[in-house]
Every structure is written in structure tokens, then in C-alpha cells.
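We just call them A, B, C, D, E and F in the order they show up, numbering each chain from 1.
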Amino acid sequence: MSLSVAELWSAMTTEAQQYGGNEPVLASFYHASILNHPDFPAALSFQIAGKLGCDSVPAMLVRDVFHEAMAADPGIVRAAADDICAHFDRDPACDHYGMPFLYFKGFQAVQGYRIAHWLWQQGRISMALFLQNRIATAFDVDIHPAATLGSGIMIDHATGLVIGETAVVGNNVSMLHSVTLGGCGSRRGLRHPRIGDGVLISAGAKVLGGINVGEGAKIAAGSVVLCDVGPFTTVAGVPAKQVGRETNELPALNMDQNIDEA
Amino acid sequence: MSLSVAELWSAMTTEAQQYGGNEPVLASFYHASILNHPDFPAALSFQIAGKLGCDSVPAMLVRDVFHEAMAADPGIVRAAADDICAHFDRDPACDHYGMPFLYFKGFQAVQGYRIAHWLWQQGRISMALFLQNRIATAFDVDIHPAATLGSGIMIDHATGLVIGETAVVGNNVSMLHSVTLGGCGSRRGLRHPRIGDGVLISAGAKVLGGINVGEGAKIAAGSVVLCDVGPFTTVAGVPAKQVGRETNELPALNMDQNIDEA
Amino acid sequence: MSLSVAELWSAMTTEAQQYGGNEPVLASFYHASILNHPDFPAALSFQIAGKLGCDSVPAMLVRDVFHEAMAADPGIVRAAADDICAHFDRDPACDHYGMPFLYFKGFQAVQGYRIAHWLWQQGRISMALFLQNRIATAFDVDIHPAATLGSGIMIDHATGLVIGETAVVGNNVSMLHSVTLGGCGSRRGLRHPRIGDGVLISAGAKVLGGINVGEGAKIAAGSVVLCDVGPFTTVAGVPAKQVGRETNELPALNMDQNIDEA
Amino acid sequence: MSLSVAELWSAMTTEAQQYGGNEPVLASFYHASILNHPDFPAALSFQIAGKLGCDSVPAMLVRDVFHEAMAADPGIVRAAADDICAHFDRDPACDHYGMPFLYFKGFQAVQGYRIAHWLWQQGRISMALFLQNRIATAFDVDIHPAATLGSGIMIDHATGLVIGETAVVGNNVSMLHSVTLGGCGSRRGLRHPRIGDGVLISAGAKVLGGINVGEGAKIAAGSVVLCDVGPFTTVAGVPAKQVGRETNELPALNMDQNIDEA
Amino acid sequence: MSLSVAELWSAMTTEAQQYGGNEPVLASFYHASILNHPDFPAALSFQIAGKLGCDSVPAMLVRDVFHEAMAADPGIVRAAADDICAHFDRDPACDHYGMPFLYFKGFQAVQGYRIAHWLWQQGRISMALFLQNRIATAFDVDIHPAATLGSGIMIDHATGLVIGETAVVGNNVSMLHSVTLGGCGSRRGLRHPRIGDGVLISAGAKVLGGINVGEGAKIAAGSVVLCDVGPFTTVAGVPAKQVGRETNELPALNMDQNIDEA
Amino acid sequence: MSLSVAELWSAMTTEAQQYGGNEPVLASFYHASILNHPDFPAALSFQIAGKLGCDSVPAMLVRDVFHEAMAADPGIVRAAADDICAHFDRDPACDHYGMPFLYFKGFQAVQGYRIAHWLWQQGRISMALFLQNRIATAFDVDIHPAATLGSGIMIDHATGLVIGETAVVGNNVSMLHSVTLGGCGSRRGLRHPRIGDGVLISAGAKVLGGINVGEGAKIAAGSVVLCDVGPFTTVAGVPAKQVGRETNELPALNMDQNIDEA
């Protein structure tokens, strides 16, 4: 269930007062990260820029780029809020909204990607590539800035995730660590998968080539997917084969990584 | 074969004199990390806190938390010593005790986890989550502070390892990089595996859901385990099926990743 | 197609002028990384030492070690140039030579390994192990300094790659992230694979034990390889079985991760 | 001659293009410090916050405090512009406006003080004291946040300057390094000097106690001033005595440190 | 009026709760610096080591040296407490005990000196010289580790203070910034001044050579003292001459920098 | 007595072995700073660049500028060796050659200045100004890159030293902290002093305007010099007057700060 940005921000500030109050070592961390800011976008740019800044491009300058991008495309902030709600709703270990915001490498990497993607769209290729490298270094997540991601994205644990240049990911998709949306071949052009809404891609699955994964599909952990996957279908194995058919709900939302062998 | 903490410390200081003496670039590194300390706990807190400190919580303060935890629970130091011996005994590339202590991300991540776990048990939830994030950032290892790990744990190479909130890991378990002890579903409650003593989980294996993996079992590399595994049993495949039965010794100790197909 | 070191350097400086000119935020980054140097080796040592320096061993000192190694073994520079060309030729997302040099963790990790390997050969064991740890920390790539790698190596995305102590990798090999060339058993001695020229090892594949993978073989994504693989053969699955036979070209060069099931 | 903020900003951006263009090592430094910003206040907060940030209070957070203060009191930006013009007009070694902005510790310290002073006025005493310490550490200039300074202030070289709690400094004052506006006695209350407009206080002079230094006065280098100084009067010596009388212009503007002994 | 260490610590923790509570940006700074510690020595070593640590000798290691010195010589802690009280009693701008502890470079430099002095006494010459350099870099205060300082020392503002190798400073002495206790000549042996108890040395005064400054003497700002100064005597000028005679109290305590010309 | 560069280097390496051997905390510091280098220039560039590097211009790049300057002007290295010998010969607290090299801010600042001066001569104005700022920040010493300094320069303690744009300093000059060679007036052109060979300028003295200070002159501590000073003459006071006449030796060499009132 997605909150408005204002509702989310209100919940995050309430939480931060509680968590910072309980742990004086972190009181200023909660203050600087959340309470000190007038609104969610200001806190978001502070938090992610603080992770992506480096000697060559300091955090303050990265933050200015965030502000520039968020002003030009309000969808960036909206998507970030949806991503937080996605973690909160789907990850039972996530019991407050501040957790993905403050601690989850997957959430943070995706927000960095959104800015790199905006830069790529503006033709600022080298700055986009620079950010991609910073994200890969800081979060161990490698998303090409030309890839297209929807909102409500959850990337759990995140280490080792790779999303290639021509990949397209729909809304409300859940992916776990070590997932690859990879390319096939050394020719340019469309060569990465297109992932439908509500898809769940379990830990370590590799989806390779310019294939389609239909809405509501589920890809089992460790699978290697080389062919199209139909909507609301479960595939598993190396190479992956159809093993079941989902019915009632989107697998990205219930996060059931089991394989219901048909 | 596990040494007493004093025996281990004696061996480590002897080694450090030799290695530091051979390489003057690193003489002070060996001194600061090992020789400068009166005993093993002091060196351990120095070494791990130095990796986990950051701007918000400097290393000296992390070290004070280590001292607090180690004073309250002497098992933390004992387990660290067992972990070092586990690497020394099982990893043929590890020919001196200082190697895991100084260089191995898996060993260092587990020691950070032990402190985060103690914080979690004290109800210092936000400090435990903060440390979990620092461990995931510094070592690329994501262990939930609520998980329970035994001693004599070896996590080789370690990058990408994930252990979830309700997982339980016995003693003398060996895991390699990219292993996942993951959850199933979006409901709270017991949803991660319970791993018995002496189990070997090979590289990239995913063990998912609230299942039991019996004592002395072996899980082959790249396997995806979704059902219980009996004691002294080898499983392999996606999804994993039984492929053999161990007899004489614990697979965690001999580290044979082969599959003896029955 | 591999360029001479001088040709490569000429191309890289031309590119850097263009990219730095387009993005003033990065102008000095391109200058400091490339344009400021008289030749390719000076730039290479600057770039990689800057990533591997730390408090205990500052970047300037790491750079001196690079210069010492490159003076003693000119093959190190030649191999680095071949590695850049490998990325440029095989990775369609890599459209200029500066990309691996500046941004790709796989390229950077391999160049760090080449220095650690030289140190190991000189008997400077602790310095080699120290660098191995720095590489694993900075790039999430764990290559034992005693392993032997050829030239023209491409490691795409790279996170989680592991290459063990007694592994041997030929020339013009392509590997993707999460690939493991791992050992079997806890006894010392030859226990890691030998990979022939032109082999492609797809994402997440685990090749385990002292086996041979023949020239021009292809190992499918997510496979677990426990037995020898013949030349120009494709294997897939957990455990991996032969699924096809290559004919015309080296799979490492065309990067086709598909499985042509025979 | 003081420029408007817009005129100053226009001159600074023109200079930065020239200086950055001549020296590629610094091209991005000029860009990040000046050209990347939409206006003078944005550049000012970036520049000074970048010097004052530290582990406990990162630069981005200091910058937010600058923005808060500059929004509440527009005089802060106006005074900063006047200070730059003061350096440009009075210091013959300063031949472009960017020099004090980028390089002069005296200018930078005063801008930090202006924010600390605003915090003090808001009752944020501990934050003001924290900033005072950061300024003293970064620039070797110790100005109490409760002191009052006018605009058009030049502090040349600056190392060792001290201005006490109850000091008042008028407009267009020039001071050199090691100048002290110090207190007398251990009782609270007014105990530091009041300096009139256009005063020149030469290097190393100490002005002590709750005395008045009249408009247009000149205090010779190394003097110790313990009594009131009349307007347009030159004093010198230890303790200082009247040695001359100025006539035509303000000594702060011509920077003539000579003593025209009467 | 000097408090016991326990009384001082109690006052400091009460203050820290108040100041940290008023300013959430600094709440964790007050916690980490003061409230997190069990007693005054633990906080002192944390605070000063945090300033003196560097790449070559990290803060945690400096702190261990502090603990070693404070255990061997309890007078170090007692003197630190007296120094804090000296600032509180004599500096009207210092209205709580935490100010010198957290913010005053003079106090912090003297505590660093006390450790360097202890190292010098143990014959650890190079470590003492290393610390002297770190103190000079961090605080702009250059005290030779062989010099001898009493307790109840206040060094106000502190920038530029120099105390030479054979200087001896009594108890309850107050010095201001830019004071020099310097040597004469290029021969080794006693060549710096001996300063009696309760002396006040005002800003910028230079006291040079192996002379005696008697108890309760006052040296005016900017003076250059080349001959012995009698007890309870005021000297001023370049070179300094006697200008007055104190009667009732120690000038170091009332901080009256005026010259009562006799 | 000045050593050849080779003799000096030989002495420094012998010392470093002794000092590093006595203090294992600093063994690698002595190795990295001295023993690891093939010759004196390599060590010098490592040591000073390590102090002057910053985020915008990292130490490795500063070091390359040092190498460029030292290759173009061998006098830079020769002068550095003379400066070390000057400290060793004249400062009784300096009993080994490594002390100024490793620890003395005055020596280090002058070596930084020599590179900035070379850049200024090449017309690289903004790089020279950038370095001047870095030197002023790191060492609290402000030497304009256009000033001209001889060799055999000793700047003792150094904090607060200022040398202006058109100043000229001869050979074998000794200056103490807080000395100013300052300008007069706001017009461009020659406006700073010219200091002859062998001059001693004591602590805190201010020499102002385009005046001449003759060979072998001595300027007493705290003096303010506004007129020419004859050769082998001692001046003192505010303003300075002649107080004595030297005969046998250069005051810079015997460092006698006393005033032999004539």
C-alpha cells in the first residue's frame, strides 16, 4: 500500500524521533538524515548524495545534481516513496519506513540510478557513467544508466545485482541479491530482458537476452532464464522451465520464493 | 582443531613478528593490528572496529561497544577464536592464523555480526541495524542481527552472503560466498532455515524458507534448497535433490565441494 | 582486435579530451586520470593505486610498487592494454577505451591482481595478501595472488568473482560477475581449475576442483562444473552437462550466453 | 569600490572560466567552486561549508545551516560581497575576485563567523561554539560568535587573529594576521575593544580591554593598545602612543603600515 | 577553584545533557564525547586521541597510548581536570566545563603534550616527537615533549604558542596565544625560561633564554623578556622593563592584561 | 655545515633504521617516508606531497608536479638539503637530520613554496596560488609563490610566518615563528623587504615595506622594522632601532636572540 509522499514523510519523522531517542549514539544520525530536513526530497538527496560523494565529486555537488534532476522530473521523488513502501509492505524484516531509506543498499542504489538515468537522458553521458561506477562501488549494485526501471521496486539485500543497458523493468517488481538482467552477444541494440509489472525474481536468478517476462511471473532462485516467460507463470531451473502457474496475486508482493511444482 | 584463546594469541604474535619483519611496508600494520595489544580481545576489537567505524560512529566508539559486549558475553571471544581455527583447519590457502584475522571479509563480518546480535538481544535495535548496514557495506555480507550463529564458522570469500532474520546456524558450519539463507513470504515469524552442526554449504547455494538442514549435510554449489535435508546427506540441483550420503566425516571440515552422485 | 600500447594511449587521450570537455564537473577527473600523464603505464599506476591506497599503505606507496613491478615485468602493461581492448571489443555497452580504465571494477581488480601476483612471485607474501584484501574490499573481486591469469581478460560487472590459489586462466577469457574458479577439499596442492584460451564463463557459474576447461569452451550462466570440459564445448546445468558444440569462433569474443542445446 | 552581488558574481564567473581553462588540473575545482552554481550565495555556502564540515557535522549539513541563515538575514551575503571587494581593492597581491573566495583564510573565516554569529543570536549557543571551533581549526582564526563585525572587512593572511566576545568592529576595517582584539580581566561584561569604521590594525597588534578606537585610526604593527585611540590617529609602540595624525583617507583602504612619526 | 575529578565529571555530564538536548545536530557529539563514557579519563582519551589520530597512527592506537600513560601516571588526569577548572575560573567567555574539553585548542594541546612528555620520559623519543608534530598540526601549538609543565595551566586561544625543550612552567600559569618560551643560542643545555606559579603571560609576549620569571609575575602583551623577572612584578615593552608591582592576587587568576605603570 | 645530497641521504637512512627499529608503532612510517625510497628527491616528493594533497588535487598528482619541477630545476633538491642542514646545525633541539624532514612545519612549508615558486615562474599562476593555500592550511605558513628565497633557510616553529609577494630572502637566513616580511600600501610593485645572507629574524618580528636588511643583521624578537638595517647590525624595538653591532659570525647561525644593547 503506497503512501503519499507527505504521509510517508510524516511517518518517517515520527519514527526517527523514537529511534533516535532510544539510542543516543545515533540521535544526530537520525536528526541529520531525517529530522533536520523540511521534506522528503531534501532528506533523500542528503542521504544518497552522502553515500555517492567522493574526492573527485564531493557530496554537496552530487546533491545539487539530485536537486536539479528532482526539479526537472517529479516522478523521481514519487518513485522513491513507492520504493520505500514496497520494502515496507513486502519485507517482513522491514518494520519501519526509515529502514530502506537509511540502511538498505538496494533502495539506495536504485535512487542513485534514477539520477544517473536522468543524466543519461539529458545526454550527460560521462556524468551518468561516473555515477554508475560510484553506485557499483558504494552499494555493489550495477545498473546501467540507460536501463529503464518503474516504481515500487524492491531489491532485497542487493549485493551483486546487475541490470544491463537495454533492460526494461515494470512497476512493483521485486528482485533479490545476485539477480542479473543480462545481455547476450557482443552486438549493440536491444539485448536485455523486459520485465513485466509485479514480477518476482528470486535470489541469484539470471535472466539473459532480449526476452520478455510477463506480468506477474515468478522466477525461482538460482534459475537461468533464456526464453520468454508468460504472464503469471513460475519458472525454475538451469535452464529455467515452467513449473507452476500463479493465480490470485502478484508474486512480487507476497515474496514467496517457493516453487509450486505443477 | 581448536586452540585455546591464549594458544591462538601466542601463535598470532609469533607469526606477526615474522611477517612484519619480512615486509617493512607492513611492519607497523602488524604491530598496530596484533603486537601492540596485550591480548586477543583487545586486538580483535581494534581490528574489527577499525573496519566498521564511519563518520557517524567513529571507530573508537565502535570499539567501546565491542568491549561492552565482550565483557558481558565471554562467548563472543571464544567463538572468534574458534572461527579463526576453522579457517586455518579447513582452508588450504590459509596457512597462518593471522590471515582470517587481518584479511578475510567473512571472518571479519561474522565478528561484527556477533556484536550486532548482542545489541539486538539488549533491545538496542537501531544500533544493531546500523552495524548490520556497516557490515554489509564494509564486507558485502548481510547477516541480520537477530539471526543465531554458532561458533567455528567459516565463510570463505564471503562476498554476497545473506543470512536472514530467523535463521539458525549450528557450530562448525562452512559456507562459501554468495550463499543465501533466505526467507519465504512476506509474513513475519519463522521463515528462514535452521542449519545443523558441521554442514557445508557450497558457493552460491540458496537455502530458502523455514526448513531444516540436518547435521553433517552437504549442499552442492549453486543448489536451491526448498525442502528439509536429512543429516549426513548431500543435495544438489535447482531445485536440490538428494545425490549422496556422507559417512565418515563432517563435510564442513573437509570442504569437498564435489557431488558424489549416489 | 588489440591495439599497441601507444595506439591505445593515443585513443584514450583523444577520448578524454572529448568527455572531459563535455562535462566540466569531470574535466579535472579526466585530466588527472589520463591527460596529465606522459604515457599509459603512468596513468595506469595512478588510477589503480588511487583505488587501492588506504591508511596503512597510502596510494603513493602503492604506486611505487606498481612502478617497481611494471619495470621488472613489461608484460604487466601489455596485458593491461589487452584487457582494455577485450572490454572494448566484447562489451557492447563499452564504446570507448576509457570506460574499463576509469569505471569497470573487473578491469581494475585484474590490474591490482597482476601486481599482487608479481609480489607473490618475488616472495613478498604478506604484501601480496595485503593487496588481495584491498582488491577484495575495493572491487568485490577475490583473486588469489598465486593464481595465474593470461592477457585479454574481460571480467564484466565483476562483483563476487572468486579465483582460487592454484587456478590457471588462459588468454582472451571472458568471465562475468559471480563466477567462481574454486577449490575442492581441504588439502593443499592443485585443487582449482585450468581454463583454456577463449573460454566464456557466464554469470554465476561455479567451476570447482582441479579440472580442465578446454580452449573455446562455453560455460552457461549458473552452471556448476565439476568435471573436465572439452575444447569448443558448451556445458550447462547443476551439475553441468554438455549441451552443444561451438564451431566458428571463440565464445569469449562473441559473448553469446545462450545455450545452443544440441 | 564595492560591486553589487550580481556584478561581483558576473566577474567571478568570467575569471573562473579563464583560470580554470588555463590549468586543467584545477578546471573542475573552478567549476565546482564557482561555475556550477546559479548565484553567489549558492557558491558561497558550497565553498565555506566544504571547509567547515567534519565527521560530526558533515559539509552538506553545514551548508543547510548557511542557507537557513542567509535566507533569514540577507545582510550576510551582502557583507560577504563587500569583504571580497575589500580584499580586491586593498591587497595588491589580490588581482581577481576569486582569490579571497577560493584561497584566503581570513575571508573564509569571517564568512564562517557570520553564520556562527547568526546562530548565537538565535540562541543556538552550542552550535555557534561548535562552528567557532571548526573555524579556529580550519583557518587558525578565533572569532567569538557573540562579537559584532561590520562589512567590508579584510583580514590579510589571518593566522592567529583573535577577536573576543564583546568586541565590536565597524565597516571597512582592515586587520592583518596575529591581530588580537582581546579582553581584560576575568569578569564577564564588556571587556573587548570597539573599533571604528575604516581603521587599519597592522600585523601582530594587540588591542586589549573595553576601549574605543576611533574612526580612521591606524594602529602600527606590533603595538599593544591599552587606552582609547582618537579618530584619524596613528598609534604605535608597546604600550602604544600617538605618533601621527591621518588626514586625507581611511588607513584601512591604503594599507600603509608605515608610522609617520609626528 | 579546582574540583575533584569526580565532581568535574558530574558537572560535565549534566551540562552535556543540557547542551546536547538543546541542539539535536550535536546530540550524538555530546554523547560520544562525554555521556557515552564511564568516567573522565575515558572521555579525555577519546576526545584528544580523536584529534591526534592520523593515517600512520590511527586514533584507536593513540588512545591506547593515552591509557598506558594515564595508568602509569595518575597525575596526568588530575592535571587535566585542573586545567579545565583553570579555564572555567579565569576565562569569562567559558561558562561551562565542557568548553575547554570540547572546543579549546589550548587545553587539548596541553593534554596531548602531557602524553608526549610521558613518552619522552620513558625514552620513546620518536613517538614523542611524532606526537609533538601531530599536536602542532592539529592545534597550532608547539610544545617540546621534554619541557615541564605544571597543572592548572590555561592557554587561551593558543594559536602560535611555542614552548621550548628546556622550559619549566609552574602551576596555575596563564598564557595567551602567540606566547613564546624560547631558547637562545645554538648550543644544547638549559636555554629556555623557568616560569613560576601563578604567572600571567599576555598575548604575543616572547620570553627568551634561560631566565627566571618569579611567582606571580605579569608579562604584558607583546613584551620581549630577556632578563629575569622578580616575583609579583609586572614587566612590559620591547625589551621588557618593570612597570608595576602586583600585591593582592596572582595575575594568572584575574587575567588583567593592563599595565599598571608604576 | 652542509652535506652533499648523497651524504645527507645516507645519514637519514641510517637514522631511520635506528628510530624505526626502536618504535614499532612508527616502523612503517619511517620505512614509507625514508627507507622505501631510492634517493632523497623521491623521499622528499613523497613526504611533502603527502601533506599537500587534498580532495581536489590528490597527493599522487602533487607528487608528479614535484617531480616535474625537480627535474627542471635541480636547485630545488640542493636547497632542500641545505635547509635540513640549517636546522640540524642551528637548532639544538634538532639532533638528527630526519627531524626537519619528518616533523618541522617550517621546513615542509618552504619545500612546498619552492614548487609553487617554480609553477609561478612557468606562468601556472592558479596552480601556484592553489598550492600557496594548501601550504597555508597545512603548515600555517603563508609564503607568496612570487617571493624569492635562497637556500639554507631555517624557519623554526613556523606558525604564523608571512612572506609577501615581492620579498627577497638571501641564503642561510634564520627566521622564527610569527615573523612577517610584509608589504606597505595598496599599490602594486616592490613593497616587501630584501633580506641579506645570514640574517637572523627573531620570533614575532615584523619587517615591513620595500626596505633592505643587510647581510648578517639581527632583528630582535617582537621588533617592528620600517627602515633599512645595515649589515651586521642588531635592531630592536617597536619601531626598531639599532642596539648593537655583530662582529665575528652570522647571527643566523648562532641563533642568539639576545639583544646586546650597545
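The working rule: contacts are C-beta pairs under 8 Å (C-beta built on N, C-alpha and C of every residue); 3 or more make two chains touch, one makes a residue touch a chain.
This structure is a prediction, so every number in the text was calculated from the model and none was measured.
Chemist: Return the chains shared as contacts by chain D and chain E, ordered by label.
Modeler: Touching chain D as well as chain E, we find A, B, C, F.
Chemist: Tally the contacting C-beta pairs at the A-B interface and at the B-D interface, and name the larger one.
Modeler: Of A-B and B-D, more C-beta pairs in contact link A-B.
Chemist: Suppose you list every residue number at the chain B-chain C interface; are over half of them used by both chains (same) or under half (different)?
Modeler: Under half of the interface numbering overlaps between copies: different.
Chemist: Rounded to the nearest whole Å, what is the centre-to-centre distance of chain C and chain F, using the mean of the C-alpha atoms as each centre?
Modeler: Chain centroid spacing, chain C to chain F, equals 47 Å.
Chemist: Starting from the mean Cα coordinates of chain B and chain F, work out the distance between those two points in Å.
Modeler: Whole-Å distance between the two chain centres: 54.
Chemist: What is the distance in Å between the mean C-alpha positions of chain D and chain F?
Modeler: Those two chain centres are 28 Å apart.
Chemist: Quick one: which residues in chain B touch 2 or more of the other chains?
Modeler: In chain B, residues 20, 25-26, 28-29, 32, 36, 56-58, 61, 140, 159-160, 178, 204, 222-223, 238 touch at least two other chains, as defined above.
Chemist: So what shape is it, when you link every pair of chains that touch: line, ring, star, complete or other?
Modeler: Shape = complete; every chain linked to every other.
Chemist: For the complex, which residues does chain B have touching chain E?
Modeler: Going by the criterion above, the answer is residues 28, 32, 36-37, 46, 49-50, 56-61, 63-64.
Chemist: For the complex, which residues does chain B have touching chain A?
Modeler: 56-57, 61, 124-127, 129-130, 132-133, 136-137, 140, 142, 144, 159-160, 162, 164-165, 178, 180, 182-189, 191, 204, 206, 208-209, 222-224, 226, 238-239
Chemist: Could you pull out which chain A residues touch chain E in their complex?
Modeler: 20, 24-29, 31-32, 35-36
Chemist: Please give the residue numbers of chain F that touch chain A in the complex, ascending.
Modeler: Interface residues on the chain F side: 55-56, 58.
Chemist: Spell out the residues on chain E that touch chain D in their complex, using ranges where they run on.
Modeler: On the chain E side, the touching residues are 19-20, 22-23, 25-26, 28-30, 32, 89-93, 99, 102-105, 138, 140, 157, 159-160, 176-178, 202-204, 220-223, 236-238, 253-259.
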